[in-house]
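Submitted below is the structure of interest, expressed as structure tokens.
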Amino acid sequence: MIHNFKKLRVVGMFLTCLFSLGILGTTASAQIDLAALAEVDPDYADMIAAHVEQGVDYAFDFFTVSMLWTVIAAAMVFLMHLGFATLETGLTQQKNAVNVLFKNVFIISIGIVSYAVIGFNTHYPGGPDDWNGWIGFGGWIGDLNADPENVTYAYGGLELAMTAYGDFIFQAMFAATGATIVSGAVAERIKLPSFMIFATVFVALAYPIIGSWHWGEGWLNRLEVPFYDFAGSSVVHAFGGFGALACVMILGPRAGKYLAGGKIRPIPAHSFPLATIGVFLLAFGWFGFNGGSVLSAEPAALGLVFTTTALAASSGALSSIFFSWAVIKKPDLSMALNGVLAGLVGITAGADAVGPGAAILIGFIAGAIVVFSILFFDKIKIDDPVGAISVHGVCGIWGTVAVGIFNSEVSLFSQIIGTISVSIAAFAAAFVIFYIIKLTIGVRVSADEEAEGLDLSEHGEEAYADFQMKTR
Amino acid sequence: MIHNFKKLRVVGMFLTCLFSLGILGTTASAQIDLAALAEVDPDYADMIAAHVEQGVDYAFDFFTVSMLWTVIAAAMVFLMHLGFATLETGLTQQKNAVNVLFKNVFIISIGIVSYAVIGFNTHYPGGPDDWNGWIGFGGWIGDLNADPENVTYAYGGLELAMTAYGDFIFQAMFAATGATIVSGAVAERIKLPSFMIFATVFVALAYPIIGSWHWGEGWLNRLEVPFYDFAGSSVVHAFGGFGALACVMILGPRAGKYLAGGKIRPIPAHSFPLATIGVFLLAFGWFGFNGGSVLSAEPAALGLVFTTTALAASSGALSSIFFSWAVIKKPDLSMALNGVLAGLVGITAGADAVGPGAAILIGFIAGAIVVFSILFFDKIKIDDPVGAISVHGVCGIWGTVAVGIFNSEVSLFSQIIGTISVSIAAFAAAFVIFYIIKLTIGVRVSADEEAEGLDLSEHGEEAYADFQMKTR
Amino acid sequence: MIHNFKKLRVVGMFLTCLFSLGILGTTASAQIDLAALAEVDPDYADMIAAHVEQGVDYAFDFFTVSMLWTVIAAAMVFLMHLGFATLETGLTQQKNAVNVLFKNVFIISIGIVSYAVIGFNTHYPGGPDDWNGWIGFGGWIGDLNADPENVTYAYGGLELAMTAYGDFIFQAMFAATGATIVSGAVAERIKLPSFMIFATVFVALAYPIIGSWHWGEGWLNRLEVPFYDFAGSSVVHAFGGFGALACVMILGPRAGKYLAGGKIRPIPAHSFPLATIGVFLLAFGWFGFNGGSVLSAEPAALGLVFTTTALAASSGALSSIFFSWAVIKKPDLSMALNGVLAGLVGITAGADAVGPGAAILIGFIAGAIVVFSILFFDKIKIDDPVGAISVHGVCGIWGTVAVGIFNSEVSLFSQIIGTISVSIAAFAAAFVIFYIIKLTIGVRVSADEEAEGLDLSEHGEEAYADFQMKTR
């Protein structure tokens, strides 16, 4: 097929003029003129004909635009992984930068491949009658376009305005997020192979199984008033945050972080520009994360979701700036950045289900929570270099509960049940996986390696090997 | 609602087959089959039915795709704020990097929230008969989707192919731009709280009021031949640029910049990679800024706007490279970067109203202007660390005037009236606001704080605290 | 035209209700109600009427959404140039960072402008009967929208769902890629003016002429089984990679790279975070590069292309991690990054023509190839600082051949003929151009300039002039 002369995939409404009775006069009725289409593009006409035979009368253009949005949103969510990579790298020490970047390249890669191999079909095991609502293992996706039903709007009996591949790729971009959240929390002292094994199991099995309780029509959807988590405050973010908590508890704090006498030594970020790039890219991608979760290009929902997402992020930042300034007496950039993310995590569960006023309030409360949560975890010696447990875990719970508060059709009780179940399950899964790894190959680098930095000890590379500077 | 099994938002043309008189044979006519739709998605069918009752016969799919473009463009404009943040940080000194980044996180946050609280309805106070054409204060947006008319294509009597939330979020992303432009010009010596107060008032009041003169159907639209500023060379960029000029005049130059005997000491950029990232992200986002200003997905306009935008940016860069090489005898990267932005600012007023040849010429002239303008302002001791006054102010005027030159339907006289009015008003507004702040809490850090850098003196943080390097 | 009150570009199916015979009851048939449309927007109605007169019965909304995707994809491909800029800068030495960034700003600028002046119409000289299949020079694009046929879906007799400007801008973003690939390979020792001349000729003439053999309906399309290169594994990537090889052979290695006794001295990357940003941005943009090459928003193709692109990139990364770890005994970040790109280059020729299993395999093999290819070229003293020859050249050939292996409708023989022809032609073109430049103004900086770094010797600027660090 020639690139620029490729058959045009035009379909749809070819107008055929017909004269009705003289009484009625001339009128043009729209229909898919399959004969005319077949001349232009026989393959396409066949596909449409097959659909029509199956009784699929669908609005092709709405389906097309919704599918386009799905794949664009998938690309935006992909960019969030660069956001995570730069945020984590920026907030940690220079001597571990290569290691953090390497982990992030690995996570998104194994995430996408494993989601094709097992994750997707485990995440969505079928309709409510097909499985027990707790675990329904699935396998390799196969060539989804081979089945013509998979390129119609309601593929697989689902009423989705996307093809099966569209569904897959959008969800695949989400899958690695859980492991990425953990990556930040365990940075600077974890053994690389141990993390790689953990991430693989966590993303390939724990994420789709626990996620299926809600998105796969599992038991959380069978509550009297179903659990509501629009784009994943719980099933993505709290999942990652409480998985991170389990790993940090097993791993212990970085050397020299908590000194004798309860003194906390701050370990400074090595590059705030890098961290800021990360947060802005995450916010940009979040418009795809939440916006794409509309699962179509329905205008009313899209406008609302973009607005609530932007307002919550903004108000989260303002709130974190305010509260951190009040508490630690200075305008702290890392708190402002965490405030943006806190607002985003907070609005994720209800971005389509609350109005702009509630969005500002949800973001504002999330921005306050994250400041105090970060200080709290530091006080109890849970060493989380990037604040992932607070941002994703604690604010993920808040966001889920908030939908129950601000939307009267959602049950606060179901929300609490759901978010606590998901958080506990993520914690337990991470604990078990990580503990087994600890017992076998170990999870922590030696004190010498930690002091030298993982870049040299694990990778034999430095992040800025050639950087040569004038001295002050 | 279940994520992946969510009701499909399909609407539109369900084909119903009907037999007309035997003479005619079978034909399928397209219509919205509300009965069939109601079975699939009752809420959606209700919405459509309500529209139809209101006599709204609209092309739903065109509306849908236009709205999708609106929100995607909004996300792209959001990313411009990362562009501004990295450009400003890269072009300033290392010791002020945290401060610059912090300001940028704050600006976009307060910009979006204040635009919801007061800006949007002040920017667009209504039709031409609703207000005086100079100032029309508006309030909180409210829950826009609550009114079903706000999710139709011509919401509020406007003939826009987007919902009210779509209109809001796209415009909200523009709003903070004016203050961000100022941020770069006043960097490295402004007091943080003073800037925060200035930015809030400038973005929440000055921007929407002055902008309403054109986009809100104000007096600039009531000129005999209406003023024309497609995406805001004047009402966004010159607005920001001349606001910046006022602030810099009040604030004075950085210490040590202008030495005795007329000597100018260049204060070098601390990271050109960061600055380059900023310019490319700005150019990427500008496709949303200009492209989204088509206010629909109309194919002819979109293709033209993307092309003129790209050509002007490219030719601006080539021009700045050429002229700066001729004048300062070296291929200067910061001038090349400013040339890209100059071309973009220059084409913004007429991106949909000139052809590709004019676009290249407009960009080329803008690229020349920016080189000489930057050198000029430095000579008269207006210290603008990032060249914002030249890029956004001077080239904003050029771009606005250029539409009057290259498009015969636009009045050169109206263009001059409009851009001068907006520039003077922005200058005056900024001058008054900033001068009041100077008289009350002051606007400039102490000489000691400036020498130490704002990162340590204002934030107690360093941008690269952990960065440890080999020495040369 | 008023920004926010602009005439709505609504078109399409205005429903007109009509009563058929009483037997049938009420039915609404869809048509373009031009009379109603003319009241809302007369210009638009005229355009549609003109189309209808020309017998163009097209699905306007499908055309609209496809055109929207085209311009969004163009913007995404634009962002790849930031990816190239940051990747190349990150992988080279600090003392040449300004130079690398400057070159990248220049390349995309000259690429877009020259594509308007000569490239586009040389790339697409017309239908198969209009030219000889080898060279068909074309000129300036002109004001494409002036011809109303250029804003219909099948403009110029091509069956494309985009306007002529849409076609232009998408292809223009591709054009500079070839020269950018060369830029990385020749970095750190090439004379700036020499590179600027080379890049101009290479992108303005060599790229469109060689590309026209396939995408312009040239001789490669007239093979018995036509050559197949979906988005350009050969005509973009191998083109750039083998052009790079020619230049590197003429230019020679960097001083101090290959020592006496066959010893290779690694010259370290100066910023791995920057390089990683580059690879992620390239991957993000590649969804536009491959996805946009569908040349419409056809749902089935889009879903497949996004999926195969993501899987090949991921599996390329995993493969490079595995093989480099096996060979050089450490988890190497630069190899992981090159693996992502190798997978992307590999899938580019067949992203729409293979299934997900084949995509994983193609990416996996590409990830292996790139590791051994980089080691091989280093062994034969071809000094390519960023691995461009291996990533784009060798993997470009692999990707093209792979379509012949994994898709039975594609001829392996045609693939080999095509990719070898393109690679040899690119090599020869680059060799001739670059050799002429060598004979006239020279291509290499002096040994002193190379030692000092191009930033100071060519630009008189430093990338991080103000960077002041604590010393270890």
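Note that the chains take the letters A, B and C in the order they are written out, and that residue 1 is the start of every chain.
Here is the rule we use: a residue touches a chain if its C-beta (ideal position, glycine included) is under 8 Å from a C-beta of that chain, and two chains touch if they have at least 3 such contacts.
None of the values given here were measured: they were computed from a predicted structure.
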Specify the angle of rotation obtained when superposing chain B on chain C by their C-alpha atoms, rounded to a multiple of 5 degrees. 120
At the interface of chain A with chain B, does the proportion of residue numbers present on both copies reach over half, so same, or stay under half, so different? different
Counting in whole Å, what is the centre-to-centre distance of chain A and chain B, each centre being its mean C-alpha position? 28
Any chance you could list the residues of chain B touching two or more other chains? 13, 20-21, 29-30, 61, 63, 65, 68, 72, 271, 277, 464, 467-471
Sort out for me which residues of chain B touch chain C in the complex. 13, 16, 18-21, 29-32, 57-59, 61-63, 65-66, 68-69, 72, 76, 93-95, 124, 127, 153-154, 158-161, 167, 171, 214-217, 221, 226, 228-231, 267-273, 276-277, 279-281, 283-284, 287-288, 291, 293, 295-304, 306-307, 310-311, 313-315, 317-318, 321, 330-334, 336-337, 340, 355-357, 360, 464, 467-471
Residue set of chain A touching chain C in the complex reads 1-15, 20-21, 24, 27-30, 36, 40, 47, 60-61, 63-65, 67-68, 71-72, 74-75, 78-79, 81-82, 85-86, 89-90, 97-98, 101-102, 104-106, 108-113, 116, 140-146, 151, 162-166, 168-169, 172-173, 192, 271, 274, 277, 458-472
